[in-house]
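First the structure, in the form of structure tokens, and then the observations on it.
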Amino acid sequence: MFEHEGLLKEFQWVTKESEKKHIGESIAKTSLAMQEISFALIQGDNESVDKLTKENLENGISANEILDNGLLNGMSIVGVKFRDNIIFVPEVLISARAMKAGMVHLEPILSASGIEPLGTVLMGTVKGDLHDIGKNLCIMMLRGAGFTVHDLGVDTSPEAFEDAFGEHGPDIIGMSALLTTTMPNMGRTIQHFEDVGLREEVRLMVGGAPVTQEFADEMGADAYGESAVDAVDKAKEQVALLKDLKS
Amino acid sequence: MNVSEVSKKFGKCLELVSMDPNFHNISVGLFLKNDILTIWSYSKKEGVNKRLNIIRDKMVEFGGLNRLNEEFKLSIPKGSLIPRPLKFLFVKSVEMDPSLKPETGDVSSKDNKSKLLFHISGSLENDKYIYRVSATGEHDKPNLRIRAVVGGFVKYGDCIKNDIDSFYFPDEKPHDEYVRVLLPYARNVSAVENMLNASEQAGQMTTQSLGFSQS
Amino acid sequence: MNKMTKKQRVLAALNRQPVDRPPVANPTSVATVEMMDLVDAPFPEACRSAELNARLAGTEITEFDFDAIAPYFSIIQESSAIGCEMQWEQKDNWPTVRMSNPIWKNASDVKIPSNFLDHPDVKVITDSIRILRNEFGNDVPIIGKTMGPWTLAYHVFGVEAFLLGTIDNPEETMDSLNKLLEITYLFGEAQIDAGADVLTVPDHATGDLVSAQYYQNFLQDIHTEMAEKFSVPIILHICGRTVDRMPFIADTGLNAFHFDSKNSPQEAMDAVNNKIALVGNINNPETLYSKDVDDVKKEVFDCLNAGVQIIAPECAIPLKTKSENLIAITEGITDWLAENEKKN
């Protein structure tokens, strides 16, 4: 449940039913401590995010939990407000500054390696979308989990995904979008892989603030990652599935 | 000639190269009117006419097109206008080293993403001239690269995919010269996309290019 | 109605008065690589030499028969003069300010050099205006340009730092804007003295970055004052999505607003409610740059049908725009007039 009053007020800006469900459920299962971090991030209060992140780490809360339940839940509401023109770039910049204030403490922990390579992933934000915050977080998490990840950057066309596929032969292609207007390009990329006969060769995953499971199913994606942590879990499942399909 | 006269005389501008690296960075346009192509520049620099004729001759040599007696002009066989490869041919004719000669023999090219060597051969199949892509050399999954090359011809040559490893031009006729011109682009779509996007962005004044937009 | 001179036509349109025919004039720039070759005045030299600048600017009249000349092509001349790090680029690209290396941090850093008007990159514009006035006489309007304080702030502080400052310290932001405004007035007055009939003021509080409330809070009063202080008509230019702030802009008393293709002509006309003239808004990157003559004419028709007072590309045209698409703008107006005469 929403324990933090300020965060509940911010959540009122999320009006699309599917987003209300997905973001709402994600926040509702978090602790007050995490909701405090989410709220401070939305307000752009970088000093509080910094302080609260340090305190929670000292109290034994994992870096993964602070990232997903604190920072990213806050950023998902920022993303919705920005997309709906409730806030503009200055407000996003102060939230991004607050995010960085938290990440300074989390990144060293999350990036620690020493795990067996699990597979190869290509990550890109789809054509027309120049936002990379979500993508970069997923990349960091996937690398931390032991995947080899090639970053195709932003504004990636279906042909560029195909071309990179030919170069790296990945198990998974992860597509990210922050704008509802660019989400259809996920479908176009999936269709393109069908058209060129590569659909069976790779697992296609989608994610990003406006993306939902329903959308992913409609587009024909193999999996949907609703958070950076979920993306890692789903990626592990998909690698195993691809191995089975090919054997 | 002023701009109205150029437009009336030479027709539609199909493509404009903004800086000819081989002649004082002049801009050069490719114009089309009634199957007649004209190479033209507004520059009045000394020697410009000679340069325009050289570009015209390069298009004839590398594109298998028909040289006309008039200055700066060439023609395409009726019904054989395929815009995209023609534009690539024009740009290549302007930008290439003037001493370059067309390759002969097999159409082949090294892959710049692997150790493969691509080969393209054409033949008539059921009244359609089909080009097939094959590859030799080391690669775990050469068919993936071959598919990508076919995709590149579809994208840059206005070609139609026949099969996972073959394509044909929209008029279903042989165009070996276009295949040679397009292969370096077709084998590296993502790099070409980046190059074309960069070229399109240059000279634009938008909120993005000014840095006044979130990115 | 008797045939008007180009100046009469443009000034009448800017004052929302009847015209003999709709004018076409770009308040920002009509420089192209083809015209650079025609008159042998390539970038970046045409941005730094008055003679080359005037030669290139004149093609707007001599080749395309537009109704005005706009010699200040880019948006960086004054920023160069106050010491910003510049990237002058080559013939087919715009000179830009390296905003990643801003020269100032706070309002207290803002200092206008005492010889600002003598700096070569400022003098090129005032001298070019004098040359053009001499060459074209009094019947062709010259549209000068002076950057507004918001755009100057992006250049001198960097976009991100400046925008963060608007939240961290709004009073300091206003202080910075008022100091930078002195440059806007200094350069604008100098161009009027040189012969400019109209001034364009680009001030990029665009919807791509900031809210309409930002425009209202930070810039509306500044622009209202400009409308009173400058002795020539002012065209405000803001790129990007701006229909939400057009009602505030319309209340400033400025003569005209030059608007982007992200706003349709009809919604723009509805938003300004006949309180300000509109200039625009043919799409640059897609229509003028990549599409055909017929596509250009269609956009001209859309603008005229909505009642846009001055037909123009939405912003400085892409340098690689083909000449036939620029001719199509003037032809589009002629076609529209012919079609409307038939209807009447």
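Here the chain labels run A, B and C in written order, and each chain numbers its own residues starting at 1.
Simple rule for what comes next: contacts are C-beta pairs under 8 Å (C-beta built on N, C-alpha and C of every residue); 3 or more make two chains touch, one makes a residue touch a chain.
If you're wondering where the values come from, they're calculated on a predicted model, not measured in any experiment.
Engineer: Please find which chain has its CA centre nearest to the centre of all protein CA atoms in view.
Structural biologist: Taking the mean of all protein C-alpha atoms as reference, the closest chain is C.
Engineer: Taking each chain's centre as the mean of its CA atoms, which one is most distant from chain B?
Structural biologist: The chain farthest from chain B, judged by C-alpha centres, is A.
Engineer: Averaging only over C-alpha atoms, locate the centres of chain B and chain C and give their separation in whole Å.
Structural biologist: 36
Engineer: Cα centroid separation between chain A and chain B, in whole Å?
Structural biologist: 40
Engineer: Where in chain A do residues touch two or more of the other chains?
Structural biologist: Within chain A, the residues that touch at least two other chains are 89.
Engineer: Tell me, which residues of chain C touch at least two other chains?
Structural biologist: 208-209
Engineer: Mind pulling the residue numbers of chain B that touch at least two other chains?
Structural biologist: Residues 214 of chain B each touch two or more of the other chains.
Engineer: Which bits of chain B are touching chain C when the two form their complex?
Structural biologist: 2-4, 6-7, 12-13, 16, 18-19, 25-27, 29, 41-45, 200, 202-207, 209-214
Engineer: For the complex, which residues does chain B have touching chain A?
Structural biologist: For this pair, the touching residues of chain B are 113-114, 140-141, 144-145, 147-148, 150-151, 155, 164, 188-190, 193, 214-215.
Engineer: Contact residues on chain C for chain A in the complex?
Structural biologist: Its residues touching chain A are 160, 163-164, 166-168, 207-211, 214.
Engineer: Which residues of chain C touch chain B once you look at their complex with the stated criterion?
Structural biologist: Listed in rising order, the residues are 28-29, 33-38, 40, 42, 62-64, 74-75, 90-94, 96, 99, 154, 159, 204, 206, 208-209, 239-240, 284-285, 289-290, 292-293, 315-316, 318-320, 322-324, 326-327.
Engineer: Which chain A residues qualify as touching chain B in the complex?
Structural biologist: Contact set of chain A toward chain B: 89, 92, 130, 154, 157, 159-160, 162-167, 169, 196-198, 201.
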